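First chain A sits with chain B, and in the next complex the same chain sits with chain C.
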Partner chain A sequence: MAAPTLSPARPAPAGPARPRRSGSRAERLAPLALVAPAVLIIAGLRLWPLVLGVNFSFTGDGDRDGVMVGLDNYATLFADPLFRTALRNVGLLVLLLPVAVAIPGLLATLIYLRVPGHRLYRGVYFFPAVLSPVIVGAIFTLLLAFDGPLNGFLGGLGLGPVDWLGDPDVAFFVVVAVHVWATFGMALVVFLAGFATLDQSLLDAAKTDGASFPQTVRHVIVPSLTRTIQFVFVTTMIGMLTSMFGLLYVMTSGGPEGSTYLPEYYIWIQQGRLNQPALASAASTALFLIMLVVGLAQIAILRRAAGKED
Partner chain B sequence: MPGTRPARWVAAVPMAALAVATVYPLVFTTNVAMKTRREYVLDRFSPADSFSLDNVVRAWTSVGMSRYFLNSVVVVACSVALLLLFGSMAGFALGRLRFRGSSALFLGILAALFVPFQVIMVPLARTMADTGLIDTYPGLVLAYVAQFLPFTIFLLTSYYATVPAEIVDAARIDGNSVYGVYWRIMLPIGAPALLSVGVLNALFCWNDVLISLLMMPSAEHRTLMIGVTSLRGQYSDDIPTFAAGVLIAAVPVLVVYLFLQRQIADGVTAGSTKG
Partner chain C sequence: MKQRTLWSAALVVGLTLTAGCGSASGPGSSTGSSDKLVVWDWKSGDAEAAAYVEKAKADFAKKHPGVTVEFVAQPFDQYYTLLGAAIQAGKGPDVVLFNGGGQIRDRAAALTPIDTYVGDDRQRLAGWDAFTKDGKTYAAPVTLQGHPVYYNKDLYGKAGLDPDAPPKTWDDFVRNCGVIAAKTGAKCLAQGNKEGFGIQFFLSAMGSSVLTPQEYDDWIAGKRDWASADVKRIFELWKQTGDSGLNTDGANSTAMFNDAFALFNSGKAAHVIGLMSDVGHWKDFAEFLTPEKLGVMRAPVVTTAAKPSLPFDGGIGYAVAKWTKDPKLAADLVRSLTSADALKAFYADGGAIASDATIDVSSGGPAVKTIVAEVEAGKPALHVALSSKTLDLMGRLSQQLLSGSATVDDAVAQLAASDKTG
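Let's look at the complex of A and B:
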């Protein structure tokens, strides 16, 4: 489970500072002393490394350690078939994103409408979201093994065995499906929190007017939940780009034939296994740019869609 | 509208099936962990012949899983304690006290939320190596604190902003220093938020793979999640023992989930509806 990234919409409650008695110097400095440890840690170990890393990506590896090499790393990166596969996979994730959002959205809607057993579903669906990708990956490695239970089950139905994790055309989709299985509960809970803010009278009105289920979803629920939907889109995308490492590490190691590489896995291999930190930094910078672009594009698209609905 | 009864029941069928699909993999794994190797090879699905913890005991004792478990417990406990301490100090200062520049500082901390670990891991590893913190417990704890502190501060700042200013003023009139207000009033008053954010942080740290892999190269320093993956290599032909190792790593999470599900959900959804 990755850190859920939160929407940036709530800066410190604004407004002028409350008038304070002018205390001693130590008292006036107290707020600064209270934030100091956090600021030092975040500045030193989160923000400064970002600067270092970008700078690092323009230097060389091995013999050329510390030497400025311009854009050489980026040239190497984009010429590397493994990194290109990683980028292609990012593209696939963007395409699959609406599905990964729609599934929990639909389920949350049904739970909100009190489908029989709705109390139970919420607790059950959310559970895999708190399990480590390592555990999820290990369990599914067992279930999806070529001679494993799923193929055994399909064989019983007369369907041929599928090499779930060994077929380069299939493996990436399988890993994404497992990721969605493991994380849809997170988005579901967020959707349900959004539903809790929904104006019940609107729903009642729709019911009185005889609106169908699809009509209700389209004209009442979606417009009321714009903010929640936007939040889920952005966090789901960030989750896909930054918290599938554990699954890849356990389930496929990037294979077969490098077909399940994602940028984060590429960075890890270059840094941790192949000792090419500068090249890894270039990949990190590329990942950061991808996330910025995808995030901003999503927000822009969703804003426009929301504008049309209003 | 599926307001009508039959329509609701139709929707309930796939939802129940999905609930089964959500739970089954874990049930399967538990069942496998109870089987002998022979039983597993003969039939993977059938219920285990007996409720036997032999595999769990073997996994626990043989390849250092107990050591990895202890490593994880110590690292998670220290990380969460520091996260709550620094997070509540900053949250109180930014959310309740406020001072010149506090809004800008809060925005800077929010910006850090959007820098994923993958983007900074290379320079971070180098810094940790330069300072001799790599492959040490304090180093790993520091890496976790740095990773999850922005999120922690975000939640606690929102929480402390809802505490009435009068409480602070009254405590000050009673002669408390700012630190006294923090320690005697704000920490106890923040208990629900601290519990929620603490549980979430504990899960993040317990479940982490990448940071631990990067920070702890030596085998004896491994955390439990990395230990589970190494178990795989060790017992590639003994799936039941491997499954038992997976269970050892999953059960603490299951227990926490059963008791604190609401707090976990509160933490996950914070920030999604406000603003």
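Let's look at the complex of A and C:
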């Protein structure tokens, strides 16, 4: 996706000519045999379990184990304020996405423009990306504890302590901020790769014309990096929806007051702690549908944006 | 060329199919044959439990020399998730370690009642109730788990209070806390409610000093009147600990394990509702609070009709899975795992209060002696009688009570509704 597609001068590689439809039967079957592994993997290890899971979500838990209960689990799910909180938090994540993309974008721009110490920053920014979420979570749990160093620092400035992980209005944003801190290094690298394809002469021209830094960013850098930005948007969204579990588990355990639940955490609690695997299956199916909608919407937006660009 | 294409395709297919088989559940998780038993737990990997496992194995080997026993230690935070998968599959370990209460009752359908096999251990061991559902026993208790109120005698002394005369009533308790806070700066109660455990400990520790004995027994028997004045009183007290600053700061973001215990341990709070076994107990605290500095008190009385007692249940216990080939054999292993010698080793190394009341604890210091003396008059803990679902809800509501976003009436009404549906 981040491949340089901006150079129309390069000829598209010519596809191999289609072989003539002839030859022995074995030769005609060979393509099928070659596709078979991929198809079998997808069908046997992806689609079939998916069907089983969806089917399982229509059965009951506990005393009604194995009994078909229709849409009962889904009714329970959407009546559960906790699951609704989890969905609301997914919505919040989508809203916070531009911030999560803008931070590495801006920092990459500064590195590309060779601010003093840019080599150091490049390494330092990437460093958290190699840490496990559990370690990151544990570090920030200590830093953000009520009697922790951050509140100590604020107290020194005469500001009241904030219960960063204990206030339901604050905790979710704190966890997202930590997630962004921990993962933006990867997006930064993608941005830097995108910058490598940037046409230096455009920047020089902008400088000659006397463009300010914001003008350069807006009229030269952003349009040239459309593809990269789209790619980072998609991967960041996926990262937020699928890999916050470790942080949530360590930092808030879904609390306070259930305010930091995400669907995957909800699924885990229902399955592991509350022993309701069928309800968890229903939640998984719902999450799958949400991801499908978000994914399709992103592809549609990408197509439209790409169409405008080309 | 043709031949090679087909062969490599076949090879790829073959590899794919075999890769799909197999090891999701890990070694040792298949249903044991009758000459091998598989045990799942989260203890046997600990160094503290090594002697215990050794003793139990030796005891079992004497009775059944031809049978091998394999212990598979699972990580505790995933234990019930893994077990859930095994139960769904209908195969897995023969003998399973469980926490008492909701965790085992919710999964009783996957277990074999062991009443007929453990009759001889009934008298010797305490804590059976936590492993019983509808009159059938599903596991034999290994440890007892309960919630004594620990206090720091050192802080009492510094505040000019008598360390050997802990407060008997709630009003005295609050008054003492005021004195301690003024003289030493320490908070009253080390509180950790990040996971919602704080309210569970509080409900059980304070329950017997608020409810009448009749109300208490009814609660355990399943007749819970959430709207009663006394039940509401417990949640009002909980709210009071937050509102009037008795708790350590940031209770909703402090983990009970082990940040809250660390606060108590380091003298930043004068009291903590702790545990009897595993962690957060007398032996854990001994690292910083020497035995003579650590006291155990009865919960301070709130209503005159109440009779405070130590809340305790069977802590962990071994159960026999339904799918095991020879339930008698598996039950014999459970009996070995709860034999007097094995439990003695568990007490000595792990510091757990073992289910066997005949074990001599006189060397453990005054706190453990007080606890063991209270066991006889003790009653099952209130929160253990609740389902995991209600406990989960109670955790969140308790956080709302502390932060002021829910009222006691509202919380109690929601809990009553959850308790009714199970």
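One rule holds in what follows: the second predicted complex is superposed on the first by the 251 of 310 C-alpha atoms of A that agree within 3 Å, B and C clash if a C-alpha of one lies under 4 Å from a C-alpha of the other, contacts with A are read in each partner's own complex, and residues count from 1 in each chain.
By our rule, contacts are C-beta pairs under 8 Å (C-beta built on N, C-alpha and C of every residue); 3 or more make two chains touch, one makes a residue touch a chain.
Please read these numbers as outputs of a predicted model, since none were measured by experiment.
Enquirer: Touching A:Tyr112 in the superposition: chain B (first), chain C (second), both, neither?
Expert: neither
Enquirer: Touch test for A:Gly255: chain B only (first), chain C only (second), both, or neither?
Expert: In the superposition, A:Gly255 touches chain C alone.
Enquirer: Return first, second, both or neither, reflecting whether A:Phe173 touches chain B, chain C, both chains, or no partner chain.
Expert: neither
Enquirer: Tell me which touches more residues of chain A here: chain C or chain B.
Expert: Looking at chain B versus chain C, the one contacting more residues of chain A is B.
Enquirer: Look at A:Glu27 in the shared chain and tell me whether it touches chain B only, chain C only, both, or neither; answer first, second, both or neither.
Expert: It touches chain B and chain C both.
Enquirer: Is A:Leu165 touching anything from chain B or chain C once the two structures are fitted on A? First, second, both or neither.
Expert: second
Enquirer: With both complexes overlaid on chain A, does A:Gly62 touch chain B (first), chain C (second), both or neither?
Expert: In the superposition, A:Gly62 touches chain C alone.
Enquirer: Quick check for you: in the superposed arrangement, does A:Tyr74 touch first (chain B), second (chain C), both or neither?
Expert: Neither partner.
Enquirer: Using the touch definition from the top, say if A:Arg273 reaches chain B (first), chain C (second), both or neither.
Expert: second
Enquirer: Quick one: classify A:Ile41 as touching chain B (first), chain C (second), both or neither.
Expert: A:Ile41 sits against chain B and chain C alike.
Enquirer: Find the residues of chain A that appear in the contact set with chain B and again in the contact set with chain C.
Expert: After superposing on chain A, chain A residues 27, 30, 34, 37, 41, 44-45, 268, 271-272, 277 contact both chain B and chain C.
Enquirer: Which residues of chain B touch chain A in the complex?
Expert: Residues 1-3, 7-9, 11-12, 15-16, 18-19, 21-23, 25-26, 28-29, 32, 44-45, 86-87, 89-90, 92-95, 97-100, 102-103, 105-127, 142-143, 145-151, 153-155, 157-158, 161, 165, 172, 177-179, 182, 203-204, 206-210, 213-214, 225-226, 228-229, 232, 239, 242-243, 246, 249-250, 253-254, 256-257, 261, 264-265, 267-275.
Enquirer: Residue numbers of chain C touching chain A in their complex, please.
Expert: For this pair, the touching residues of chain C are 2, 5-6, 9-10, 12-13, 16-17, 20, 78, 80-81, 84, 88, 106-107, 109, 194-196, 249-255, 259, 388-389, 392, 395-396, 399-400, 403, 405, 422.
Enquirer: Flag every residue of chain A that touches chain B in the complex, lowest number first.
Expert: 1-14, 17-18, 21, 27, 30-32, 34-35, 37-39, 41-47, 49-50, 52-53, 56, 107, 110, 113-117, 120-121, 123-135, 138-143, 148-149, 152, 181, 185-186, 189-190, 192-194, 196-197, 206-207, 211-213, 216, 227-228, 231-232, 238, 241-242, 245-246, 249-250, 263-264, 267-268, 271-272, 277, 280-281, 284-285, 287-288, 291, 295
Enquirer: Which of the residues in chain A end up touching chain C in this complex?
Expert: Counting only chain A, the residues touching chain C are 24, 26-27, 30, 33-34, 36-37, 40-41, 44-45, 62, 65, 82, 144-147, 161, 163-168, 171, 252-253, 255-258, 268-269, 271-275, 277.
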